[in-house]
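In what follows, chain A forms one complex with chain B and a second complex with chain C.
Presenting the complex of A and B:
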């Protein structure tokens, strides 16, 4: 979906009670708009992005622009004005509801250990899922669904890095089995917090936390890792690395629940 | 301060460049950001919906700059404004690549960046 984005007005004229903006991020700078006022805003169930900024028209706010943020633990119930006939100052652009991720994303990120051109990296684009309500939603509980990823065969020349969004998640279960009957597979996990940085420099500012140092997993062997916010920390993304084509099933489940 | 040859590069340099103006003698961040928005906005007209993602970022950034103190900007305000610079540069890069804004518009955005954040 991405850009051009869907028109929220078509949802109201069509009689819908809500406008759902659900899209993989096109870029780290995605910015969306709604031309229609709403009565509530909440994270959608499939959002990988955890924190979403919202700007709306407020005649008493400085420059007529007011801000709020919705997250897995906090939705917003109340009128959010678009006020297309008003103008935000000092830009003098029409009022509208503006929606954008607060969390950082960087598809140009490369792990410190990345060796070009033999290594490869693939990103699962974070999904932004936000719902704007046009009728009074009463109360909103914006829980996100658990997400499950499964991979099993790879095309690897050096090391393959798989980047999975993890914004605001509190728990991850990882199950990796080397089903190659001959060769070991070096498997590692790193937590990443993105920074605003020049990725072409020799010293990008992203933070990396080794969760499982890359180590050989023998033929037929299994590795199970549980990542918890309390013990391991919270990350924008998890990076999984393998260095063999497999087969090597990798099951990843991420959740907002701390799983005791 | 470092000028950028692409909008993606400009995005990556956003913090470093803003930081220099923030820490500069007397602080020039407010002026720099205000000028960046003023230079870039005319190229992203309201009548073209494909320009809105960029102009919406500039609308937010111009508001952030307007509310800054002239010479004593708290670090959280600097960080929020830098996030907006990062966003608008990446948005411009993507929209140009997708053919939703023209090369001329993207060049105007980059020129506005280099003439403000990218210069001492």
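Presenting the complex of A and C:
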């Protein structure tokens, strides 16, 4: 998580009409809070997390805590009160607005084929981006921006795995070209859906779907892959693997649009 | 024979002239000098000035009285409050506003100005359960103070005279 956390009260006193919680995730249990009320809650444009849980004070609920969820297809328009004078039961914590990702994230994930210590893995930390509006937003269409990732040179001893967030995305365009004039580069793509599991066990529960089995890409050759929700599926993350330092430009574009 | 005190009011013209406010500067008889008086270098009197500010509510600990948004110790005033954040914020003239949504005060609506005429001697309280931003404009009514003072003086004079007449003594007002 970003430190210090974005402070909703500073947005209030600073004259803003919204509180934007934009922070990279560092662990699966990250939870954030807003100390002020809002009249609308929506996903921010740069969120990698697709589904975000929101808890708020509701005197009609047995423990005074009520839940809702926002996603790229559904925002929440209406008053969500932070009741700092009230207390959630039974924890007796102040009745603030609590925000946390509904999607799973596991920075300790390792692919099944991962061989320690020669292989390496690197994560693009998913960004949680949520906007809480202080004035009535009318209607909200919380579309996320398309995101583009570009890699070119790699530091590889065995196989390098690159994990890119893909929560709720419906389309991905992958373009990989081996510009090493001598050596081939073994390139693969796997879709991962995280599970709640013990990563130190010999049988972690994460699900892996091979989208492109690792195969050598010859010098000067190009691989283009289109991943669609309809044909390939939906994943929490995409894992790209290479086994050569490159240069090998890898362009990845992810989008919420199904692109036909 | 009793005599009532002269009828003078705090905001009367005589008092203002004694204080120097609104005094017309001396006019020269020299025709070569412009006759228009120089603009006053004094700003408006404090009691006439509109107080415009931004107020931030705070979360109070249980049992604490709500904050005073305006205290009409000196003046009648028209207080205009506009909530700029989501609230909920309640305002009212009694200090028992909590809980905010209990209905003991009026709940402000975001972006909609609410106007209250606050009498001298009364207060406007504000209560919230989170930090909120409120645009606040306090427009004093000095002339209303004058009118009420005049009315009270007249009432006092009339009732005093009536009392004297009823007691069979002659009176002289002023």
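The rule we apply is simple: the second predicted complex is superposed on the first by the 257 of 260 C-alpha atoms of A that agree within 3 Å, B and C clash if a C-alpha of one lies under 4 Å from a C-alpha of the other, contacts with A are read in each partner's own complex, and residues count from 1 in each chain.
Going forward, contacts are C-beta pairs under 8 Å (C-beta built on N, C-alpha and C of every residue); 3 or more make two chains touch, one makes a residue touch a chain.
Worth saying up front: this structure is predicted, and the values here are computed from it rather than measured.
Aligning the shared chain A places chain B and chain C next to each other free of steric conflict.
More residues of chain A lie in touch with B than with the remaining chain of the pair chain B and chain C. Of the two partner chains placed by superposition, only chain B is touched by A:93; chain C is not. Note on the composite model: angle chain B-chain A-chain C, taken at the C-alpha centres, equals 80°, rounded to the nearest 10. Looking at the shared chain after the overlay, A:258 reaches neither chain B nor chain C. By the touch criterion defined above, A:153 lies against neither chain B nor chain C after alignment on the C-alpha atoms of chain A.
Using the contact criterion defined above for the overlaid structures, shared-chain residue A:82 touches chain C, although it does not reach chain B. Looking at the shared chain after the overlay, A:31 reaches chain B, while chain C stays out of its contact range.
For the overlaid pair of complexes, the smallest distance between C-alpha atoms of chain B and those of chain C rounds to 13 Å.
Per the touch definition, chain B reaches chain A in the complex via residues 8-9, 11-16, 37, 41, 46, 49-50, 52-60, 62-63, 66-67, 82-83, 86-95, 98, 100. Remark: chain C residues 56, 59-60, 62, 84-88, 98-100, 110-111, 129-133 touch chain A in the complex. Per the touch definition, chain A reaches chain B in the complex via residues 3-4, 26-33, 55, 62-63, 65, 88-91, 93-94, 96, 98, 100, 102, 104, 108, 195-201, 205. Within the complex formed with chain C, the chain A residues making contact are 9, 12-13, 15, 35-39, 79, 81-86, 133-136.
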